[in-house]
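Both complexes shown next keep subunit A, but they swap its partner, so subunit B is in the first and subunit C is in the second.
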Partner chain A sequence: MKQQAQHTPPFTEGINRVDGIMKVTGAAKYSAEYELPGMTYAVFAISNITKGIITSIDIKAAERAPGVLAVLTHLNAPKVPGYESGKDPSKPPTTGGPLKFFVDNTVKYNGQPIAMVVADSFERATYAASLIKAQYKKEQHETDTEKNKFKAAAPKGGRNGGDYKRGTPDDWKTAAVKVEQEYVVPINVHNPMELSVTLAHWTADDKVTVYAKTQGVKSTQNAIAQAFKLPVENVQVTTKFVGGAFGNALRTWPHEIATVQAAKLVKRPVKTVLTRELQFNTVGYRPYTWQKVSMGASADGKLTGIIHEATAQTSSFEEFTEGTVNMTRFMYACPSVGTVYKITPLDVNTPTWMRGPGEATGAFALESAMDELADKLGIDPIELRIRNHADTDPENGKPFSSKNLKEAYEMGADKIGWSKRKLKPGTLTEDGWLIGYGMGTGVFGAGRGRATVKAALLDSGTLLIQTSVTDIGVGTGTAMTQIASEIFTGIPVKKIKFELGDSSLPPSPTQGGSTITSTVGGAVHDACTQLKEKFQQLIGNGGTDKPDYVKVLKEKNLPQLEVTVTSSGSTEMRNFSSYSYSVHFVKVKVHPKTGVVRVDNVVSVADSGHIVSPKTARSQIIGGAIGGIGMALMEEGIMDHRYGRYVNNNYADYHVPISADIPQIDALFVNKPDYRVNPMGAKGMGEIALIGMSAAVANAVYNATGKRIRELPITPDKLLA
Partner chain B sequence: MKDLDKGFQADENHEPKENARRDFLKKSSLLTAVALTPGVAVKAAENHLDEKVAAAFEKMPVNIIVNGKPHKLSIEPRVTLLDLLREQLHLTGTKKGCDYGQCGACTVHVDGQRVNSCLTLAMTVDGKKVTSIEGLAKGDELHPMQEAFIKHDGFQCGYCTPGQIMSAVACIREGHANSETEIREYMSGNICRCGAYPNIVNAIQEVKNGGQQV
Partner chain C sequence: MKQFQYIRPATQQSVLDAITKPGARILAGGSNLIDLMKRGVTSPDKLVDIQKLPLKGISKSTGNVSSISIGALELNSAVAENKLIKEEFPLLSMALNAGASPQLRNMATVGGNMMQRTRCTYFYDTAMPCNKREPNSGCGAMEGINRMHAIFGTSEKCIAVHPSDMCVALAALDASVEVKSKKGTRYIPFTEFHRLPGETPQLDNTLTTGELITRVIIPHNNFAKNSYYLKVRDRASYAFALISVAVGLDIQGGNIKEARLAMGGVAHKPWRLKAAEQFLKGKPATVANFEQAASLAMQGAKSFGHNDFKLKMAPASIIEALSNAAKLS
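Let's look at the complex of A and B:
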């Protein structure tokens, strides 16, 4: 690793989003917005049973409908070569494999596509799809996690399999003060504003260009290459703008493969835009999860034992697991901890990671239980956390690369006016509303992976930086530009061009798991540093720190100077545990007669190292906080288990926060660099922005009302019950 | 054809015509079916003359002024203004978030009023003026609301942004931007899943308080 800046960089306002003008003028091109000659549109006909067999399917009327080019079903769809060889077109989260569309007559979940209509206009495809009729042989389905909990078993594979135990977790039972409670997080659906999009166009028999809504162009490229047995370089994936994803575009889903398949068949570009309904069961969701936390503490508030159990849903054909119980192992200095994680297969599509995956669910239980324990002990919940602060990682004994959680507690408490909080719930009122304050902690791993970045100084004076990473909206391009501009201080931000979202560019990982600023930012930092050194060598010793790059290139007769650098985290990191932390503080007003909860004030503090791009970071924290408020107060994918079907699969019935729900939000940053993780000292913050928030809201509601709601979302009916 | 020119109206007078058209389509479909080889999924629809005729019958003339530019179009009556803008006029700044009038991503102005273009059949704006996000700036000079969104970082992914901005401009014009609470209320038809609401509210307040012409 190169020389590291050991000073704390100044915390400034930060630059404006580099793609801001494109976004406010409508010039930003999202994946559905590429214009290709002879464009066709694909629309799915879906199964209205949940489990069974298609005995017959009548597509004649659809085929005859005006403008229809093809109707694909399991009876006539051309084979996907990679499917035949048994290779899965995308890496499943753990074991099993994703569903393959149109390979056989089985129906595995309600809403599963059973036919795909391709027509020359969206309207015509939609109409033709409505003409498809299917007969089924139904089988008994199971979609209720609660009812099928008895089937829950430990996952067979994956990182989250296996129980964990240290010390004697049962010690909680003999503790002076105990909490033993169950918590439920229902299905949450990512529901980004942009619908899932795949636009495929075969430019030759063995070459395909795809514009896809994906969080990783490289992984989509690989999945398609594998499915169609193509050389990887024959698959071009472009994703310049993503209209939010929150995890639902981390995988390559079967409908994307089907789109590529259809484009091959009709020999024209095919565009698939999933309807809002299909966002609920085609591209994953946060699984329904039941949890139980049993914890005990001595009379002076020292934890003696914790057991955290969780059971979540998965599909019948694929194991999905996430780190729901994992934070309990290292969050607090407790000598004895046990965790148990199980999954229940159901007749639903596979869940997937949703912002703050696993941890957001787990933190709701753990941080609610901590609040319950503080309440029983009669001490301030922050005080309880400080008494059990883990100075080193209790899971592996390693020191933390950095941890400023105590400072974060203090900053947030000061800002929200925590001193106004009453220890006894239900005792503070304002204008007839009950007032409560609550807090919750979030944590997420802060690593650094491998990325390759090309940096070039052009004789036009432009610094061009290229890598394949996508930007799902958080401001990756802006952060990378900021990192580059801190190294090339002589080059104005306007002259720095960060190119992304293209599989032909040097490889970066998929955007997810709060790693991009660290991983890609680290590589951008290293590439720029090496390019600068190369320049210094060119102008010889005694060169200035801010040479006139254009002049030098012209003098040396060079059109450009470039480097391509692959870099990853240091080996030193193995000796440390590294996490980003958040502390969310919430003030709520609860109406005693109607049970309406209004979020009145929010302060979210991030301890995530040096803040590279303050302006976008602030928005990221605010956005995550709002996502957490949604999870706490309104979000729930509701299924009618009699039919195995969602009853609220649209924005009107699946509530997400709207402007009227959200007050001003303070995003605060501890802003202490952690140079062990990467040369910028930055750690990720996408996940921690949400993790812990739902508990903070629940704890505030308890503080306001004395009612502890352990099943999300906290709706008025539960408060009035 | 003459009464068709007036645009499609689902009143009784038009019923017979509708049925006639349906009948014709049915017959033409039959012809197509004969031409189909069983078991072949692909149908070269574009070669069938009868279908072209049928398609012509399905279309209606419509005149729309979009961002100051008149368009003389022939479209199917079921086409929404949103899909017309995005798929036929290639003005993709207007976004589709739900297609059901639930999210506001598709907000445009029709004769100065904000509407959800996904709930507006394109036929119904015949003779009207439509302004989409592409028509807000004057050349390179951004509209004050666009400037304010950039300054206050009123977005992350940017997908809801065109709708938010069109709504925000209308919100001020309607006189519904007199307080933070009022702005929140009157901007609540526009979902932002990235959660940029506080920044959006701040941007609108700045434009409102700056007293600039919107």
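Let's look at the complex of A and C:
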């Protein structure tokens, strides 16, 4: 096949974050910071039971409380027109749909909003909400995945349903060396700094403007348009800055619709900012997932069979599925593989994708099991992976569009000093601490979707690029500016303006699944290339490399020269399997008496094509590694299943790593372009930054102590047990 | 949040006048009280902000026994960094620096730290049963999630722990608390300031309505050279102790002349380990002796399921803290 003849731009330091100064000076305006005249505030009263029926609800005191404009409950809330038509037509009917607030008297999970108070201040709304008293008829609830595993069944819809089998997976049973183990990843909660925000303002009877925390202004625009039966263009959604999301703003949640509904009722702008407690059960979480990996290998370390089973929780009203077991199908060259994925419905709100999504959960099990297998074989875990390296995709036989995993193993091993690692666990010490080294691999699909970008050369000398994509903090604006600047080499970076986060701009997909650099970057690349060609035509042949754009536009009497380009991946991609890979290397210290684990060093290597924006790419890898340390050592949403309530739904008790937990983290890049995916040769890296990291930590802990912890998080008590 | 009155009197007398009713509550740094009010755990009618009172300052008095006095409004961060404290009672400085986060330590006062309430999650969630918040509503933690809970001095009614680090050090240092009320001044030995839950878990300590903490006084000791505060926690900072141990040793020629030991994260009050102290007195500072002291200290411990690990972690931590204080290893 013919490769596009392109050169790899040199791997430079890259440009600074284009919005960095705005962010550190407070000039960046986040969604909750918009103030509109006459703005009001909404606060929810929530259910204290987990399952049942509201038999009565007393809102009189709340209605009389100072500053209150309205109290919405299922008894009085105005209808949301789109809710009338029943289920979301875009989804197969069997998979259910999101909860709709205030449509009936049922309670489906603890913490479910049962009323919404709108008042002239947040404090007054909060106080009034505390006065609402409901009576319930309680029903027996189930919130414990472990206890309800027996009810698990294959999902009815979605992409992750169905068992997978190739060859004779049971072959693992007769293998020379075997591993058969269970692994648990508990509930993880996204917990970005920025809370969920919706500020809705009806500017006319059939027109609404919304400032929202969302990862996709277009999808939020569509959801609101559908719910209120409005023409899409009558809904304006703006999201200029996002203070982290990690997946919890990928979909439009019912409280956002309720906010728009309330604004219509009170005829004033209504702002809802969820409390930290409500973040835990209103905007999704990584589901509790039980897994079992059974694998066998010949004495020389060749895999003969793998079975990877997973059961995750979902809500009673909606199927949520993710690719937990999918990686096992193609990661290693194993002739016989079986995967089984099930979900069990519980009286909880619906989970959602959280960074690395199901793959991060799955990689914890698969990459832990590989480490266990290497240990049993008495070989180096990297060696085991190399012996089972898949040169072509074993799931479909296709060649990989590019894969430099072996090189990534080498780079990382070198950097962390892997040669110091001992095969026998518990043999290295430093200053009285046990020392261990571990590694884990991550993988995530690398595709390119469709996006539309408008690029314009203005006679002020500015290159203006516009598309609706959001930047959830990853540095999209910076990466896009970098791509444009490499095409328009004559335009200084500060003259390139990338406008995003506005639903009236040309459509881009929702930010998630590591697709934006490829998809939107590809469209920016194409738009800039076409704009440059258009300019060349304008000046005729013989133009220089660095033309004077301003002079030419002025001469031609053109205020601006623009193109709007829609582009997507090539059909050629169908012939290839395309993935981004990461390899994480971790050195840990474990205190032999107290069981305290400290991560001492991390080296993460990304094989994700050409790195278009080195600085923000490095930040992505560091952020993912930190997320992985959190997942490995501390994150767990803990519920008291007797009540179906979280007991740690705050920042003090739900632990994420703080600065003192974070060691030196080196981000390395293989940086080999894959031009099959897009013209920059770039593949995504947001997800792989985290996928595989928790296994690397767990494997390092095993190497330090000889204790294999298969249930995250690895807290000191588990190491003392 | 319920509406309340807020006052900020300028004199001690007017504070004492204002706090005679149970509905009035003293406000210092606010880092605990305001949280509890937001969560609806406590709803005072009146907040008496004491920040205008001259209750700051750290000073040394030389008498028969010299001592250091710390004002009740002195900030946790200021005490931790104070030169006198670092020289004479490094244990206190270490314990303070192990608590919360720099931001919180910059708000938290000595009096407020002593009076902070348990972090038991059932206590914080008004939809859950809790005998401490609502007497006779039941104890949510007993058969619930009790990983952080007590293993010593528990009662049928409550198994909560006192969350402070500072107080563990002050208990080990034999501090005393100066308290003023309209009736006058009294001094409470630090180890008697907090109490065990017993039948009345709603009472954290022995301070009564109308009383104001004005100072903490620490008598001179010879532990400065061999002190250690060990805090075992789920992350490196900004987490409450699973177990903490405060150690002060007076070691002369390899022998322990005096020992002070207290534990945090194990009881409703800072838990002094008198039997272990007694055992160590006069003995050489060896790991073998520390092990015996630890097993003495653990007598009577009782766990509740999720906190079973504390039965292992606590003695291991005692040995580790003693070894560090004695500079073994």
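Convention: the second predicted complex is superposed on the first by the 708 of 721 C-alpha atoms of A that agree within 3 Å, B and C clash if a C-alpha of one lies under 4 Å from a C-alpha of the other, contacts with A are read in each partner's own complex, and residues count from 1 in each chain.
Please note the rule applied: a residue touches a chain if its C-beta (ideal position, glycine included) is under 8 Å from a C-beta of that chain, and two chains touch if they have at least 3 such contacts.
A quick note: this is a predicted structure, and the numbers were derived from the prediction, not measured.
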Checklist line | Contact breadth on subunit A, by residue count: subunit C or subunit B | finding: B
Next item on the list: Please indicate which partner A:Arg421 is in contact with in the superposed arrangement: first for subunit B, second for subunit C, both, or neither.
Entry: neither
Notebook entry, point to check: After lining up the shared chain so the two structures overlap, which partner does A:Asp717 touch, if you call subunit B first and subunit C second: first, second, both or neither?
Noted result: second
Margin query: By the touch definition at the top of the document, which applies to A:Arg276: first (subunit B), second (subunit C), both, or neither?
Written below: first
Margin query: Contacts for A:Asp640 in the overlay, against subunit B (first) and subunit C (second): which applies, first, second, both or neither?
Written below: second
Margin query: Taking the superposition on A as described, I'd like to know which of subunit B and subunit C A:Val68 touches: first, second, both or neither.
Written below: first
Margin query: A:Gly20 in the overlay: touching subunit B, subunit C, both, or neither? Say first, second, both or neither.
Written below: first
Next item on the list: Check the residue A:Ala652 against both partner chains and state whether it touches subunit B (first), subunit C (second), both, or neither.
Entry: both
Next item on the list: Examine A:Glu194 and indicate which partner it touches, taking first as subunit B and second as subunit C; both and neither are also allowed.
Entry: first
Next item on the list: Would you sort A:Glu123 into first (subunit B), second (subunit C), both or neither based on which partner it touches?
Entry: both
Checklist line | Common ground on subunit A, meaning residues reached by subunit C in one complex and by subunit B in the other | finding: 123, 127, 652, 657-660
Margin query: Looking at the complex, which residues from subunit A come into contact with subunit B?
Written below: 16-17, 19-30, 32-33, 35, 39, 60, 63-72, 76-78, 119-123, 127, 191-195, 241-244, 246, 265-266, 273, 275-276, 472-475, 615-616, 618-620, 622-627, 650-652, 656-660, 662-665
Check: Where on subunit B does subunit A make contact in their complex?
Finding: 25, 29-30, 32-33, 36, 39, 41-46, 51, 54-55, 58, 76, 78-79, 83, 86-87, 90-100, 102-103, 105, 132-134, 136-137, 142, 146, 149-151, 153, 155-162, 165, 180, 183-185, 187-188, 190-201
Notebook entry, point to check: Mind pulling up the subunit C residues that touch subunit A in the complex?
Noted result: 1-3, 40, 101, 119, 121-122, 125, 127-128, 140, 143-145, 147, 230, 232-240, 242-243, 309, 312-313, 316-317, 319-320, 329
Item checked: subunit A residues touching subunit C - in the complex, by the definition given at the top -> 48, 123, 126-127, 130, 432, 591, 593-596, 598, 633-634, 638, 640, 642-643, 645, 647-648, 652-653, 655, 657-661, 715-717, 720-721
